[in-house]
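Each chain carries a letter (A, B and C) given by its place in the written order, and its residues are counted from 1.
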Amino acid sequence: MMAIQHRMVPYLFVLPAIILLLVFVYGPAVENVIYSLYAWSSMSPDWRFVGFGNYGELFANPIFWTALLNNIVYAVVSVLFQVAFALGLAAVLQAGVFGPRLRSFFRTTLFLPSILPVTVVGLLWQLIHQPTIGLIDQLLYTTGLESLSHVWLGEERTALIAVVMVSQWQWTGYMMALFMVAIAAIPRDLYEALELEGASKLQTFRHLTVPGVRESTLIFTVITIFGAFKVFDIVWVMTAGGPNHASEVLGTHMYRSAFRDDVVGYASAVATVIFFLTISVGYVQLKLQRDHG
Amino acid sequence: MRGIAKSFSTVEVLKDIDLEVEDKEFVVLVGPSGCGKSTLLRIVAGLEEMTEGDLFIDGRRMNDVPAAKRGLAMVFQSYALYPHMTVAENMSVGLRIAGERKDVIATKVGAAARILQLEALLDRLPKQLSGGQRQRVAIGRAIVRNPKVFLFDEPLSNLDAALRLQMRLELAKLRRELDATMIYVTHDQVEAMTLADKIVVMNGGRIEQIGSPLELYNRPRNLFVAGFLGSPRMNFLVGQVKSQTVIALASGGELALAGGLESSLAKGDKVTLGIRPEVLVTGVLPKHGLSITGKALVVERLGAETIIYLGLVDGAQLTVKTDGAATVNPGDDLTVGVPAEAVTLFGPDGLALQPAL
Amino acid sequence: MTVAAKSRGGLTPAHAALLILFWLLAGASVYPLFWLFMSSLKSSPEMFGSTWALPEEWRWSNYAAAWEAGISQYLVSSVIVTVLSTILVVFLSAAAAFALVVLKFRGKTPIYAAILGGLILPPEVALFPLFKTLNTLGIYNTYLALIIPYVAFGIPFTTFLIRAYMVTIPAELNEASIMDGAGPVWTFFHVHLPLCRPILASAALIEAMRVWNEFIFALTFVESESVKTITIGMMSFANALRGDWAVLMAGLAISIIPILITFLIMQRQFIGGLTQGAIK
């Protein structure tokens, strides 16, 4: 009857979405935790329950700690560039320092890197970082600064920073565009009121712009930190975690354990740690948001 | 005969409504916001379910019949026109869903368009129309369905004052042309008074009174109905029973009744006197009645009439409507009178008393 | 928009400094790409030999070589995966959003929470379990191996986006269609979907971008050259071409030309859609 048909139909609308989510998103998350409690490899069929053994191995593994440290460095640098610096850039553009056409031009050009696929970015910058013949080194040589030259991606001290900076190159413009939208949401009359009182641009920035986008800043910071802990692709393409694990991050560590070293249980433990870290960050965000209302 | 009988209650919103609508009647449900009138309409339409009770149309029980099959059509408050469809498409939606043939659809749409003078606008989109035109399209959509009953949910609330008046007149004309049963919801008592055959005053989920406009105006059953209809609002003065023929007013003065009171009231009981602003007279005071003195606080001269707000000794205020030639100024002392028959007495429970006159 | 700038006089030193800064940043953002395109038209030794100069002769043959070497195959795969994923995601999310906003049924809140919950689960974490599941289902190394997870992970955000837009469609429209005898399916296809066109377009753009550039799933779930998307295919392409840098550049160029052109043409919608989505 019509009544029955009416009752079922809404569920049909959501069913495909829910099923897909359960099987392919939630399911794997749960499975991951379960796998982390066993030691096994995809070659042999036997599983061995080891409880938290994998986690113990994890915390005892110096590579893990290097990776974690690298992620933290990643996070800090990313926040500096993609939040603080981006906000500053956005404020300058939104303050009308340049005319509208120039503003549009700058926004578009700085935004451009973010639409490129990560492989292209990675490969391109690999070539730019090439020792001696790469663009960077060539630049250093022609300006007489050869002493600063390094085997950027091949030296343990510089590998991570090189990759981190490429990430900033790609995403700072994008974040700047986001901030521009957030700043635009601040009502014009507030700016005009401050102008009438004779506030300098810098003062306006500190007292109106920054507080005005506080909510967005918080969200963007969290997203940036999220991204810094999950990062995999750019690192994998440029250095695969090398040289000698110097630029290893949790993401690459996990991938390598699962698909190269074939210690699946351990890999799942790494994945769970990543998940746990991102959840904590998210939780902190919620708390901060609630306190600031 | 097309009649609708409802007796039902929806928890919290509607309590025990019993209402019958006659064939071809124009019934207006009126009341303040939140009184449940829209809910009642939507239950009739089939957009909401009733918790208890039954709905009958033409003698058939409609509780479980889906909205589209009840033979009704509804005109929504904000017209609910599909923004991406032309006027013609908007009006023909129901027919297209039912799978009618193209030529049948065209004829019906054409007929409705003619009645509402929409022929020139058939290919326009809603955003290209004015408020009044959109209103007519919404009505047109209802007409096309050839319903037994038209339901209107505050159709004029979204229009400005001038347009509202114009559309009210058009609705009255339409009503005569279509000769159909209509149930109309509004919070505006002027619309109710001018359009209705039968008014249903609602408040807090209950029906306060049902009757013809003049009936409700002249013989309101309780304080609420009395205060709701009529503009400016009816004056309410506090009084006390002195004897079977005399009521003493807190504002000074006494009301002498020609006949006697209902015996259920005793001396000392509080009553409320309801006096419509327009029945108060300056100048010659009536013999059997009431005279009150006060100071004119504000005088509004509207040209055709003058509205005087009198401040009374006990702080109460009396609104007097008199003709435009009155020469009262703010600060003047004024005595007004009202004949006893023109006073409606309300007992302590708010219900109107029927003094034997 | 922007706050009106007052002084129209000369450049203040601060002004000038900012201008220089922005030009440097803009240059830094764009130059690598410029170098990419220039290099793609040089010969390999020329590429590093005379890095800064314009190409001696414009070797379009590099592009042909890249195309033959397999770029075309990767492009096709990417297009298939992206188009199918995008269509599916937008459709399923719109359906879910429609049910959540318009229809009445029990369990709305938990279902919506379940859909949104997917947002906090990073795909990387699900990598290995998904790998196993896809294997078990027998679809590993097929287009489905990519499409299905992409759709699944794209649903939370897309549903959120579409839903936020759908709530602005007046409920009375749905009621009017009920009075006209329409069922939910008719209303979905004839009322809500057409009215949601703008947000559907934004959502599709965001999804398409995400899927086209996606890396880790594309790396793990397919391995045959015939199925690889361009993002991953580039890696094996680069490996195969060790030394023939210029052709590699041409290959890279081919892979980004579609995106670049689309971007430059539709700048406004692009940036607007992507930033809007992220803000929400």
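Heads up, the rule we're going with is that contacts are C-beta pairs under 8 Å (C-beta built on N, C-alpha and C of every residue); 3 or more make two chains touch, one makes a residue touch a chain.
Since this is a predicted model, take the numbers as computed values, not measurements.
**Student:** Quick check for you: compute each chain's CA centroid and the global CA centroid, then name the chain with the smallest gap between them.
**Tutor:** C
**Student:** Quick check for the class: compute each chain's Cα centroid; which one is farthest from the centroid of subunit B?
**Tutor:** A
**Student:** Please tell me the distance, in whole Å, between the geometric centres of subunit A and subunit C computed from their C-alpha atoms.
**Tutor:** Result: the chain centres lie 16 Å from each other.
**Student:** With chain centres defined as C-alpha means, what is the inter-centre distance between subunit B and subunit C in Å?
**Tutor:** 58
**Student:** Need the CA-centroid distance for the pair subunit A / subunit B, whole Å please.
**Tutor:** The mean C-alpha positions of subunit A and subunit B differ by 63 Å.
**Student:** Can you tell me which positions in subunit B touch subunit C when the two form their complex?
**Tutor:** Listed in rising order, the residues of subunit B that touch subunit C are 45-47, 67-69, 72-74, 76-78, 80-84, 93-94, 97-98, 141, 145.
**Student:** For the complex, give me every residue of subunit A touching subunit C.
**Tutor:** Counting only subunit A, the residues touching subunit C are 5-7, 9-11, 13-14, 16-18, 20-21, 23-29, 31-32, 35, 42, 89, 92-98, 100, 103, 105-113, 115-120, 123-125, 127-128, 130, 133-135, 138, 169, 173-174, 177-178, 180-182, 184, 188, 191-192, 195, 216, 223, 226, 230, 232-233, 236-237, 251, 254-255, 258-259, 264, 267-268, 271-272, 274-275, 278-279, 282.
**Student:** Over in the complex, which subunit C residues touch subunit B? Could you list them?
**Tutor:** Counting only subunit C, the residues touching subunit B are 170, 172-173, 175-182, 186, 191, 194-195.
**Student:** Subunit A touches which residues of subunit C in the complex?
**Tutor:** Against subunit A, subunit C makes touches at 1-5, 15, 18-19, 22, 25-26, 28-30, 32-33, 35-36, 48, 51-52, 92-93, 95-96, 98-100, 103-105, 111, 114-115, 117-118, 120-122, 124-133, 148-149, 151-153, 155-156, 159, 183-185, 188, 209, 212-213, 215-216, 219-220, 230-232, 234-235, 238, 245, 248, 252, 255-256, 259-260, 263, 267, 270-271, 274-276, 278-279.
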